[in-house]
Amino acid sequence: MPFIHETSFHVRYAETDESGVVHHSTYLVWFEEGRSSFLRALGSGYDQFVADGIYLPVVEAQVTYRAPARYNQLITVRVWVSEVKSRAMTFMAEVIESQSGQLLAQGYTRHICTDREGRARRVPESWRQLVS
Amino acid sequence: MPFIHETSFHVRYAETDESGVVHHSTYLVWFEEGRSSFLRALGSGYDQFVADGIYLPVVEAQVTYRAPARYNQLITVRVWVSEVKSRAMTFMAEVIESQSGQLLAQGYTRHICTDREGRARRVPESWRQLVS
Amino acid sequence: MPFIHETSFHVRYAETDESGVVHHSTYLVWFEEGRSSFLRALGSGYDQFVADGIYLPVVEAQVTYRAPARYNQLITVRVWVSEVKSRAMTFMAEVIESQSGQLLAQGYTRHICTDREGRARRVPESWRQLVS
Amino acid sequence: MPFIHETSFHVRYAETDESGVVHHSTYLVWFEEGRSSFLRALGSGYDQFVADGIYLPVVEAQVTYRAPARYNQLITVRVWVSEVKSRAMTFMAEVIESQSGQLLAQGYTRHICTDREGRARRVPESWRQLVS
């Protein structure tokens, strides 16, 4: 079983658009905040990776939108690592309406591991234990 | 004494810019989230006002930036109502780095009260008791 | 041959993040601005569709990131319709660094066609001629 | 007379919010894009200042909102330098609906001049001639 992490927050007014629901680009920001919270829960924020000179730039992102999120709703972002390769890894993410448990969106981000200058680096060994 | 409300959250990666710190436009989003949390704490979200056909559009905003906020920091937004007039009101806001208590930014937003069609409306009486 | 539309603008400072390059969520905003410009070029903005009571909410989005965009660069967004079904359609998008012609990112958004209340509607016939 | 610069672009869908008009935080992003375009027009982008090790962080921002901007409108941002001090300067900004010429918002940003490490620096002499 992978390590699954959840974090919750309210939908911000600025995240909505003219159609009355949350703008679709916002979910990538929420996925990322889910990953940040995941890393804080592990005891080492992404900033620690940065401090170590390790970056995880996004090389692919995908989102499937199932139902709209609305202003003021409490939502939960659930993230886990689904794959770790030698120089790449994948995070899965789900966005859930906290009260009803309804799945609003799901997707993934694929990352490569680089140093500060953008050169490929091996994913740290410790990441592998997060998957299985 | 006015009713003062505080809410806390972590700085998101998407909120930073190339200079390495939080982009200055983000503070208006945080002020607004502070107001939303303020209204949730009162037991009636801004969406309730919308449901009642009452809007509080921003007619002026001002921010003084004192120190930069950085990715992953826990910050606290403190908001209160500083003035209620017949058709307008003012929210004050402060952004604080939660761990040190350092003041990062402060400012205000002035709002008018309108109906759905944008016509001026009186600020509900219940708002007046929030100030003093 | 599909109708291909291009629009160009400079990268905004607020679109960058701490890593020094454009935040990955920004590309969905650029794809969307590409679609808006596409519709303006056709002589009927998305707002006209809204005026007609037709919406095209995004049900899936995907982006592959090939090279980073940087502040102040002139970029070109190229969009076209790749598929029109009875109640759904797909827009392809590419982001190009205008001076060098380098491909920075590519992806797609899938949309369903709905009325104002979110009920499925047929994609207008005129859309079909955009594809072939 | 100060050097006044104008730049125009369409309102993006992502810039609107649930109320049907542009979110108030967006105007700070537009002011900034106005300043970027101002600097490009002078023949040296802000990135050149960064290349020279000079930064202009925002220390205060103010916006007065006069009328709402809407999706797909062409807007013009007009910026000029209103004051240059030894270590600080002020940009004024106006947002105009291009077709009607209606003033939608106006405000200013105050900046200090720093080096890469955030230490105060003198504003370059060449900036002074922009004001008068």
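Observations, loosely collected:
Per-chain numbering from 1; labels A, B, C and D assigned in written order.
Operating definition for what follows: a residue touches a chain if its C-beta (ideal position, glycine included) is under 8 Å from a C-beta of that chain, and two chains touch if they have at least 3 such contacts.
This structure is a prediction, so every number in the text was calculated from the model and none was measured.
Of the two chain pairs examined here, B-C and A-C, it is A-C that is joined by more C-beta pairs in contact. Of all the chains, the one whose CA centre sits at the greatest distance from that of chain B is C. Counting the residue numbers that touch the partner chain, chain C and chain D have more than half of them in common. Between chain C and chain D, the centres computed from C-alpha atoms are 27 Å apart.
Averaged C-alpha coordinates put the centre of chain B at 33 Å from the centre of chain C.
Centroids of chain A and chain C (each the mean of its C-alpha atoms) stand 23 Å apart.
Among the residues of chain B, those in touch with two or more other chains are 13-14, 25, 29, 32, 71. Across the complex, chain A is touched by residues 13-14, 16-18, 20-21, 23, 25, 71 of chain D. On the chain D side of its complex with chain C, the touching residues are 9-10, 12-14, 29, 32-33, 36-37, 40, 45-47, 71-72.
Note for the complex: chain A touches chain C at residues 19, 24-26, 28-29, 32, 55, 57-65, 68, 109.
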